[in-house]
Structure formats: C-alpha cells, structure tokens
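Same chain, two partners: chain A is paired with chain B first, then with chain C.
Moving on, here comes the complex of A and B:
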C-alpha cells in the first residue's frame, strides 16, 4: 500500500452506489434525440391503423358504411365490431373486472369512443379513410354528472343484467358500479354525532389526465411462419400485457413477445389495455403484416385513461382542544362509461382508505360509490399510488377547514394530531400498517425553513393593508403533511386480475467483472438504468458504470408487474438488492476458496472480500467473477448469476411536508407562487439528484392539476379540453422555483430501507397549492372552492366573497 | 351557443319573405353552400362546406320551417352533420317588420354543437357564426335588392 492506493472512501465513491448523485446514464441518448420510442419502430411492410371515433357521447350506432373507405387506394381493411365478434374480441375485459367495447357494438357511450379501425398502407391514407367511413347515429340522452346518473332512468350500460352483481358486489342502480366500504361506520357516526366540533364539506378532485409527452401506441407484428406475435408498445406493465394478450387471443404465452422500448412518460396513462392494441394485433394477424397505431394528442386526452374525478363528502370531528376524534368519507367516483380503473383487484377504490393521512384518528369510515357516466373510461393513478392523491387532498383540505372551525392555526392542528414517532408500526383505523415515520421532526424542520411564524405575521399585515385599500394582493400559505402508501404490494392482498403484484430482478455477472441486470419493471423516465445499477453496486461491489440495466422485453426480462404506483424501488428495487445478496453469497464462497480460508473467515468490504483481520489479503469482485467462470472450484458450479422474485411483506409509507407561499391578485385572479418548500422522506435515498428531479417534475404536474389542468365536459358530453390550447401544461413561464429538502426514515422491512419517491410530489403538491389559494382568501370567509384554481375561478371566489366592492 | 341580431334589408317585407323561401337566393346567400334542395314549402336540405378554425368539413343538413305566422314571423329548426368533424342542431325565431319600404329582420338563434367542431372550434364558434351570419345577410341583401349600378 502507498499514498496512491485508493482508500475506502475512494473505493466507495468509485462504485457510485447508494447515495451517489450519479448522472443519469439514459440522458446521453435522450438529450441527443437518440431515444428509441414506439413511433421510431419501422418494420418492413408496416401498415398503419387509425380510428373512426364517435362524435357523440351517447348514441345508438344505426349503421356503419365502410364501402367508400375501402374503395380508397391504399386501404387494406376497415374493422368494425361485426368483424371482431366472431373472434370474441369486440369486447375486452378491463383491469377492474368490467368489460369494455373494443369497437362500438350497437351504441357509443362517450365522445371519442372507438367505432371502426382503418388499416392502410400509409398513415395519411388511413386518416383520409377515417373521414370516408359513414356512421349513422341516433342520439340518446347524455349523462355527465355521476349524481344525476344514480337518479336517472337512462341506462348507460344496456349490456349489463339489471340487478345483477358487478365485479365488486351488488349494484343498486343501472348506472351504479359498486359500493366499497372500509372502517367502522356505526362507531364513526356515533363519535361524530356526539363530538364537540364537526365540520362537513364536499371536496371535489376534478377529472384530469396524465397527458404524457409521448401518447399511447403500439406496433403489432405477427410472424405467420414461426407463429410468433411481437408487440412493441408504450406499456407500463409489459408482462401483464403479454399474459392478457395470451388469454384474450388464445396464442400460447411463449409465442408472444411484448417489448416496451423507451417510453416518453407514463404517469398511469400507459397501464391499461386499450382498443388500439387489440385492433392492431388482430389486424396484424389477419394481414400477416406489422401494424402500427399511435394515437394523436386529442385522442390521448379524449379516450385513453383519465385520472381522479372523485366527489368526496367528508365529516371530521374533534374535541374543543383540536384532537381529532373521527373521520368519515362518502365518495361518488365517476368512472366513465366502462370501469377500467387500474387498481389492485381487491381495491376498487384503490388505497383511498389511506385518507386518515398523517394523523392518529381513532375511528374512521369510508364508502365509495363507483358510477357510470358518458365520459371516457379510466381512473388511473396519475403519478400517484392508487387513489392516494385523492385521499391526501381530501384529508389535507378537511384539516384546513377544521382549523378554521376551531379557530386554530392549521400547522398547530396538524402537530397535535400527528402519529407520533413512537407509535410506528402504526395501525390505522382503516386497516393499514404504517411501516415507519417521524412526522414531527419533518414538520418542525419545514416550518423553521420557511420561517412560518414570520410568514403568518406578514400575511396578517397584508390583510390589514388590503382592508385599508393599500393593496389588491393577498398572501396564502399552503400547508401539507402527506403520507403516501406505495409499493403494491403484498401478493396476499394485491393482485391485478389474479396476477400477484410481486416483482423481480435477474443478474448475470460477466467474467471480467461487469454485469447485466434485468427487471420486471419498465422505466418511463424515472431513470431505472441509473438507480438500480446503484443499488447493485452497493450490494455486489461492482461499479454502477459497469452494470447494464435492461427492462421491458418479456423474452429476456423476468416476470414482473411493471412500473406504476411508485412500486419499482419498493418492490423491484428490493428484488435487485436480494438478487445481489445471492450473488454476494456465492462470491463469498469463491473468495474463500481463492484465499484458502474458510467461508466464515472472509467478509465483504465495499468492492471485495477480505480475510477477517487481514484486509491486505483480498479478492476483488472482478477477481471473483473471473474465477467463477474460469476456475474449477470444488463443490461450486461455474458462473455467477442470480434471480430474485420479491413479494414485499408490507407496503412502504413515504411522507413529506410541503409549504407553498402564494400571492393572489384579487382583481385578476392571477396567482404567483413566491416560494415552494418540499421536504420529502422517502427512506433511504438512492440518488439525491434523481430524487430532486422526480420532485421537480411531480411538483410541476401538481401545479398543473391544482392551478388549471382539467378534462372538462359540456352538457352534451363534448370534451372541452381536448387540445393543449385548453389543457394546461405548465411551461418554464408558469413553473416556480422549488426548494427541496429531506429527512431520512428508512423502511424497516425493505432490504435497503427505500420507500419510493416518484409520486410523492404530486400527492403532496396538489393540496399544498390548493391550500395556499384557500388560505389567501380564508380571512374573508372562504372555506372550500373547487380546483382547478385557474384565474377565473380564483377571481370568482374573490368575487363571491364580495372583494370586488 | 346563442346568437341574436337585427338587420335592415332594403326591400319590402313580402319580397324579403319570398326570397327567404327561394332556394336559388338562399344558395347564393349561404356562405359555402354547394347544394340546396327544397322538398316542400316547409322542408329543405342543404350541403355546405364550412371552415371553423382548424376544422374544415362538408356538412349536410335539413331545415324544417314553421310558417304559421308568415310573413310577419316564422321559425325554423335544423340539424347538420359533418361526419368526423362534428354535428350541430338548433333553431331560430325570425320576425319581419316593414318600415318605409325597409324590412327589419330580427332573429334569435340557438344551436348545440358537438364532436370535433365543439372541441377544437369552441372558442371560435361564436365569432365564426357571427361572421357567417353577416356574410349571409350581405349576400342576401345583394340578391334581394341589388345595388344600383
């Protein structure tokens, strides 16, 4: 050893393992425009598909005349429900246990519904042919309001047997899908009935849309010679797609290969199975040629998977001192025309019952009614775990309203109701076991960082100045302390259509000491190739730069349930660590043999095994890898590979404290975000830079949702926000500066203590922005004003409070 | 969408009313009208090429007239379909009053639009409808009472 021998710190840094702000390896191709997305895939002889979509929200389809379209030069086929019916594919099962029309079968139920599928030799010819398909409709009454739907004689789903149970139990009305309940209803009502203080409020979380930069699409290619179907697609769960495709088509699963190439953002939009996939596969099987389908922006916003649309009626009770005694929520969930929510099968309202949030609430009840309307199907988890952002928004609004009723500071009300650090693992009234947390520490740190008391003083002074007529701008301080539940999940209660929600990692170490790891998940921008290599680097002592991470090809990757609901790190990340530990266990035996000592006499040290007490005697992982392949070691089979399938014992519970300081102009309704402080506790931090990027992105989506983004319908069921002219996507102009911070409370059950962070900023951000708007107008009597808080709605709220004189 | 206006037409009431029922004059007056067939005194069918914002499409539609108050008043109901571009239905109440040889035409119209037209064109529909209406009446004036040359 000499001065140039790397010390332990150097060796650790060289690995770029857990905790390193390693640059994203994906960005070399993404920033140079060299990504390979579905639309970049071009196969010889490829045909193009395009949909004829319904302009009506509810109508009978009297006739579909395809003759003029078929006569157009270059058109190969026009599929209608009649063509799919003999194959049994004119309807398909949804992830929620319902069924959905692939192509309109007798009627249409939402604007933009797929009516016919044109296949042509050229993308432009396909678009022209769509215009030539003549469809005769007979209009039916349109229902876009879920409350009206439950009181209407108009039956939307005539295919369902009246009075028969749905996938989630009894249906009490033709337009009712399910009632899902959790908690103790009687006890909750009793406590609320005799409480000192009760507030009741309807909190609406409006319909919005994930709107990823890349829309949904696929290329289906049936090889009639070898009988193998390959489907390239924007799939967040490629293995699930393969299994579903096999079950639907009857093609053996080994003859189906599903590939998710680079994906330009998913945010839940790309979890579901859409008619475009089914029609493209059928068209490829029929023609024997590859068929590409990529939806345009309007189709994406209009027809594939919306998010939210929850009407949450809440009651919360407390003692005079502000100790919360009970919480109740009745949700009317607008699921659109088909129940195609992507939730674990046993949870038709997702994990909404995390709605007791960060607070120790002794008793609670939740009831969720799913309802059919003439809107697009979906109900996906838009950058959140299943319905968790709805739950967080609900409780964080209820807390604010309770604070008003009590005349208490909302920060203090939160503080006295937090689940204390010594209460973990904490069993919530609605059945969850929170794994770990230290809310008080995070909260104190956040309040101190923004000088909370100073802000309140400034706010009060501004209100006085406003009343004296010296200013027209008010200050709002938006507080949020959220608790998420992510990482679905334990197979015992989390499955999708019977497929258990485990995940997997398979590692192959190469003889020269580099490696490839394949996972059952798929990155859509999260940076898996960067961060999973870091987990492995720390576990097996091979530098992250020498580890390739590959996902998305079902022929090579181990089976997994995919990426959504912040499950990649909690589930596949755990599988990665455990597969790494299997590698390490075998490496230990090899090292002991090479060092001529007993297995127990060597120990792992960063990037090598050393003889205990004699660290100068060691074998690096590169030495061990080479020996694993090239040296005959008695009792040890050659090679160095491992696979791990991980079924988590529990979900993880990331949390955070967000504070938004906003100024609103009472006369124009404009909102300026002056400061945004985001403290996240996601347990062990794998890559601080990637975390910060995730938080920035998630907060910006939260800003969009809270301040303007929505899928709005008019009375006729027209989508009024079907283009980016009307659907708000923030640019750098609207996006404020964010300050990020953290505490670190590891998950006790996760192999490396990580909890997942990708979705926290959306879950916590929306209530922070919304609470800031409410808080600005609170001194003038505002209790609840529904999102999105665009300029008009803020102006209207101020106007209704009489602030315009 | 609601639209209302008052237009002075330099012609007597009877002539204006007759012209409003004359398929040739209507065809000349309706912007983009390619075909207009009168099936009876109260039923007409038309094909019109329309451009609203980014949506350009051929609309076919039928119009039914209620002439019980003619020539002082009449109302009409209609619906049109532009295929993938969208569809519309609506109606209008029209009154005609004569003053010093000039006819004052007042109308109140209401229309519901749907499909791509409503999605893409919603911010433009009102202004485009106004523009089309004024163009119609300019053409109509020209057809009913050509300016002296």
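Moving on, here comes the complex of A and C:
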C-alpha cells in the first residue's frame, strides 16, 4: 500500500466526498424495476385489508351491520369500533396530543373517515365486502368553515369535556383547539397604532395535500410462535412508529420490528400514524396472518394528512421611507376533525413564528387559533419545515402589499429591511436565533441574473401596450426572499410525543477498508445512501463507493426521529460526521502505533494518516482498518466502530432568492411561466447534483400549490378534488425550465456547515409564483387574491378589476 | 365474482398461462400473479402513468386494461427493457442525469420513454415534454427526466450510426 502516492487531487476525487456530484447508488435498482416498495411485499398467506368509509362529513352512526360482508366467500374478518374497544384501540393518540378515532365510534366527523375494516383473501374480495357492509347514518349539521365553527352551537367533538383544557392550554369554544401566542402583543399594537404607514390584509393559504406518487400503506405480520410483530410500511419515522405501536399494543418494544422499505415519496404525508396501520396490526394479531393495507388515491387525498389551511390576518407597519417597524399575525388554523398535526409538541403552530422572514423587524406578535371542522385531520409539513411555508408566504405577501402602499419597488423594500450580514447570529423578535446568512449578496446576485431593471421596463411597456389595446397579456415579476428554519431540533425544546428530536448514526469499518453506516432517518427519494456516504468519505477517508448506508429497519438502525422538516442533513448528517470523527480519532492512535510515533505526530490527510513533516511515511485508512482487527495494539480495543447521537444546538436557517417571470392572459386566465430563477443558500453543499434535483422537485410542487392544487370541499363537506383528475399535479407540459444558482454561507454550528435544502424550493417557490400573478395585475389595483391561481381565479381577478371591458 | 377465464400473456419474452376473473386488471395480474413489480400503482384511474407498460408495441396504462383484454398480447415491462449487464440507454441516462429520486414513477417513465423514442427517434425537447405528459412525477420537476430522454435519444442514434 505504501508504494503509490497519487497526487492529492486524485485522492480527493477518488473519495467522492462532500462537494462531489456523485451519481446515486439507489438508481440501479429503481431504473431496473427492482425497487422494493410496500405494495411489492408479498408474504405467505397474506390477507388484504380495506376500509368502509363515511360518505358523510358529519353524522351519527346508528348501526353497522357486517353480516352480509362476513358471509361472502373469502372474507376473514370485519372490524368495527366495537371490536377495537376491548383492546382500547378504537381511538389512538395523535402526534399533536389529541386523539383520533381509529374506527367510527358513534359518529363520523369527515367524509372518508374510517368506519369498518374488512379483511379478505385478496383485494377484490375485500372491495366487494366493503360494499356489503350496511351502515346507517343520521346526518348532522356540517361545518367546513373555521370561523363558523367558532361561532356555532354544533359541537363537533362530543368526546371532549366542554371547557376543559386541551393539550395546548385553554379552549374557549367547543370547536376551539388552542390559542398559541408568541411575541409582544402590547408593544406590537402600540407601534402599529402610531406608525406612518400600516397595511392590513387577510392572506389565505388554502388546504392542499402532499400526494406522493405512492400512497400510504403497510404490511403487518404477527409471528405468534416467536411473539414478534413486524410492520413494513410507508413510514417517514419508523422508530416513532415502533414506540407508538408498543405503547398502544402493549407488545414490548424489542418484540416489534418496523421496517420502512423503499418509499415512493413522502413530503410529509407519511409522518403520521393512520387508522390503516392500527387496523392492519390488530387484524394480523387476530388472524395470525400477515395483512396488507394500501390506500387508493382517493382515500389518500380524502383521509390521510392534508397540509396548510391557514387564514392569516396580518398587519405590518413601516416608516414613510419603508423601514418596517412591526408585524402582527392572527391566524385561524383549520385542523379538521382531529388535531393530527405533526409538529414538535411545544409548537402547535409549528415554526410559524419564523414569519418575520428575512427582515429585521424590531417587534412582532403572532397568535394562532386551532379550530375543529368537518374536514380530514392532518396539517402536516408538505415539503417544508413545520408551518414554515405558511410563514414565508405570509411575510412575502405582506411585503408586496406594503410596497404597493408605500409606492415603492418591492425589491428595494426588501433590500432596506434585510437582516444585514453583520447582524448574525441574529435574534428575531419572535425568539429565534438565525445562525448565519448573507441576504444582500444573494439578492443582488439574483436581481442581476434576471436583469431585474430590464424586466421592470418591459413590464411597464407591456402595461402601456395593454392600455392601448395592443395586447391582452400582462407580465408579472414574482419576487421572494425566504428564510427557512429546519433541522428540528434541539431536544431542550423539540420533541414529538415526548421523544427528543435528536438523530443518530452508527458506523462499522470492515477489516478490508470498506464500511457500513446506519442512520435513524429514512430516505423517500432524497438519496441518503448516496449523500451520507459522501459525508463519511470526507470524514474518514474511505471512498463513498465502499460505504453502504442503511436506514429504516428498527432492528438494525440506531434510534432516530426520521426524515421530514429537512432534518436529515442538519441532524443525522451531523451525527454521521461526528461518528466519523470518532472513527478518525481511534484511527489516529492505530496509525501512530503502526508508524511508531506519538499520536500527536500523525495527522489526517484525505484518505490516510501521515507523519507530520514526512508525508511519505503514512498509513491509509485501509491499512488502519486491517490493523484494527488483526493486530494487538497495546491499550487499544480491537475493532473500528462508532456511534453518535446528535442533539443539535440550534436549528439551521437556509435561505434563498427566487424570481419568477410570468405572462398571464387576461381573457383566458392562463399563466405561462417564462423564466424561473432560484438561488439557494443551504450552507455547505454535499452533492450539487442532488441539491439541484431537490430544487427542481420542490419548485414543481410549489408550482402545483400556487397555481391549482387544492383540497376543496363543498358546503356539505364533500371533497371536490379527490382524484388526480381534479387535484392538480403538473405534468412535463405545464412545468417550466428552472435556472438554479447558489451562494454558500455555512452554518457555524453544524459540524460540516450544511443546512438542508429539500424544502426550501417549496417554501420560496409558492410566494414567488403567487407574487408573479399578483404583480401582473398590480398596475390595475390588485392587492390580494387567494391561491390557488388556477385559470378561473386569474380570470376572475382580472374581471373584478374591470379588465374585461 | 364471476368465472375465471384462461388467458395467455407473453411478458418480457416468457409465456404465461393463467386464470383470471374477467374484472381483474392487468396491473394486478402482473404484480400479484406474476411477481412483476416494476410497474407501480399510483392512481388506478389512468392519470399517473406509474403502471405504464408496452403492449403490442404501444404504451399503455395497465391499471386501465383488463387482463382478459391482454390475452395473447406481447408485453414488455421495465424488467424486460435491459439486463444488469446490458442496460437500456434510457436506464443509463436516467441515472447519469439524475432523472429520478424516489424511483416510484421511474419504471413507467422509462418504459414510456422507450416507446416514445421508437416512434420518434430524434425528438425535440418540446416533443419529449408532450410525449411524456401522461406520466406524473412528484419528485424531480421533470427537468432531468427530459434531459435524460434527450441524452438517451442521441446515445441510441449515435450507436445506430456507428453500426451502419
């Protein structure tokens, strides 16, 4: 091994470590149809589960007659709440401290709610049996509007004691869940009351759904001989599922194995615990056979976790010169029938109080009221950190509206209010400590890249041409500068159901110099097997191609809180780096022994330890690994392994500057995206190819949300957008070409300076698209028009402004 | 439930004889009876394209075809496009250009693209975007998928020219 010393650049390249656009190791199986998703799992004797669901949004369940279904050949069992009640499983706790019916217990509270669970020989028989279950309902008044809910005599949750506190404090009405407040209310009101300029606006961020291409599902398998329960499922947090399953079922945690196989996208949809999982586990325990449940698309859109549905009433004040002096937000949050948000326990509105955004706002107040309605439960972070996309949309709309009021250019208004680079670490009025940033540099780069001044000139000329009747197309320039907050989170204030939100990595180096690393997170397409190996390669000097990364099996992976809220890189990525450093520390001792020098006389150099000042004397990591297992080294245990549990000291704060140039047709309401420029700063960049892919994907989800995607209900609580026919997902045809760019401001507290990126494009993308629509109609007086901006809504906005003659 | 029918399917070069109810969907026969799990189910309503396969040299969504309608057909799925030692150029290109993330849409995407390139060996970007619009992807934003399809087209064309 000591014969060759290839030059340092070659050795670095050979590692494919941090910064390398390494091709993904996952792709070989996916491109050849050899992925292993939940629905691909087939176990001997496996049965299929399917739900009888409520057609009503609010009704009493008078009776459930399962006899005809049970009589059907091939049906093994039909479960109702009555069957689950003796086990205490007819209700289950939610991640938000509320409880949720597993199967309808006396009444139903949203359309699509689970009423009975049929278990049968195959999926066709199960579907037949679902049709044969007779349920008698008695309809009750339906409430789909959260404001109405707070003024109505209709009590949705009869299971809750009137007047008793909820999980987050006092409830002021039977349909009220919590009031959560942050900031200084009195001071904010005072400043706003005496300000030069104040704007007030209601900003609605509509209800939508993460809709991963693979729906949710599981296979539960109770091995009665060994007393061991195995659950394969679409879980973004497999260890949390294991702990919850143990608490609910009474089965010891060591006798439960939860496995997340390949997952076909998650985006927050697969964080929660759903009745399908509970019923499948019960059915497997009862029958002794494996039971598979996979929801169909309509069930996915109707019943598993939705996102957003925030009514955000804001006030923002400024001096005449445009310096922002205060921000206030009163949010009415529609949580649906059960509070099943997946937020850290102490934050029932997630991190919505990041809503001061990228701006230095001296004083602010946020109050969020959670409300029950007859809609599906959820409120998950759909490709964003907890409620951060709502916050970013809110502030980026308020800024635009303030610019209109001030008669100021919106880019300039942002510029004069940015938190300056020399203010970091920055303490926000709502209690956050922003770790690092250089907003001005990013902003200038973005404006220059799109020729912002040129665009404004073109836009003004187009408005003139429109007024002269020469065109019916207007140009909108959608600006956004967002600040994310990700990487939940410090255990001192972030937990889910009491479990601290650390994460973990365990590494074993094999004697011949390759390695396996296991993590507490789980990829749903982010490419962890590729990128975490890169972090390790740089830390321990073993090529990424020789490092296997495994996640998702609770029997082998160390405990971790899973993957959502862009927490994998900030938390598990840090654990990986630190576990790598433990390996390196031991390797240093071994190298020193082998080189017959003192520990302090060797230093790490890319893929080896060298004697200081004599680089020709070295031991590669492969040499060291071999010695670790095969040579008796005085005072050093054999083997080369490490484990690290990382409790982050702070969140990370990625940011970015996005600009969308859009043309809208005033007569058809069609919108064409002419240009989209996205500059992201996610700190240290681990794999630029993967980052770019994440940005493209997140922007496309943002496009969907801003321009048409919606879970809409009629007054009866019927879901109007329950199939992919009505629920907008952009195709290749609607999706524009994106230009990506970056600056790089490392996080000072993260071991490798990385901040996470997967969700930034959704957080920044939605306001960029929406601001473009607004900006096109701004010259004609538009201030606020609610999303999604589908053709009809754009047409209507133009119509209301009198642009149709 | 009605009586089962006997059907013959030629899948990826192998002949299968099996019994299926008239209502059974082709995707379920492929996945559950034959263990061919490359094609996926994303909607069962013809919208997502995750279940795309080739049937008698046409791209079809196998969630919207009864197995009985495929009796006697020649079927190719992602599993039949290449082998680990000799990948289809599209399989290479999707990896090279990062045309996939979670991989759930990928078998359908690649299978559809393979047929597109047969029908139109030298497409423009616009033709690729139009020709692939029946396949949804939630992860990638399509930009790298389009890039991969264009790259594979030129790879195939270059190889063809070299062979002539």
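Some points to look at:
The criterion applied here is as follows: the second predicted complex is superposed on the first by the 800 of 805 C-alpha atoms of A that agree within 3 Å, B and C clash if a C-alpha of one lies under 4 Å from a C-alpha of the other, contacts with A are read in each partner's own complex, and residues count from 1 in each chain.
Everything below uses one rule, namely that contacts are C-beta pairs under 8 Å (C-beta built on N, C-alpha and C of every residue); 3 or more make two chains touch, one makes a residue touch a chain.
Note that the coordinates shown come from a computational prediction; the quantities given were computed from them, not determined experimentally.
In the superposed pair of complexes, A:111 makes contact with chain B only, with no contact to chain C. Of the two partner chains placed by superposition, only chain C is touched by A:42; chain B is not.
When the two complexes are superposed, the chain touching more residues of chain A, out of chain B and chain C, is C. When both complexes are overlaid on chain A, the residue A:718 reaches chain B alone and has no touch with chain C. Touch criterion met: A:735 reaches chain C, while chain B stays clear of it. Put simply, chain A uses residues 723, 725 to touch chain B in one complex and chain C in the other.
Residues 52-53, 55-57, 111, 130-131, 134-135, 298, 302, 714, 716-720, 722-723, 725 of chain A are the ones touching chain B in the complex.
Residues 23-24, 26-35, 37, 39-40, 42, 73, 122-125, 128, 211-215, 262-265, 267, 294, 296-297, 524-527, 689-690, 692-701, 723-725, 729, 731-733, 735, 737-738 of chain A touch chain C in their complex. Chain C meets chain A in the complex at residues 1, 21, 23-24, 28, 31-32, 35-45, 47-48, 50, 77-79, 82, 84, 87, 90-91, 94-96, 98, 100-107, 110, 128-130, 132-146.
By the touch rule above, chain B contacts chain A in their complex via residues 83-87, 112-116, 118-120, 122-123.
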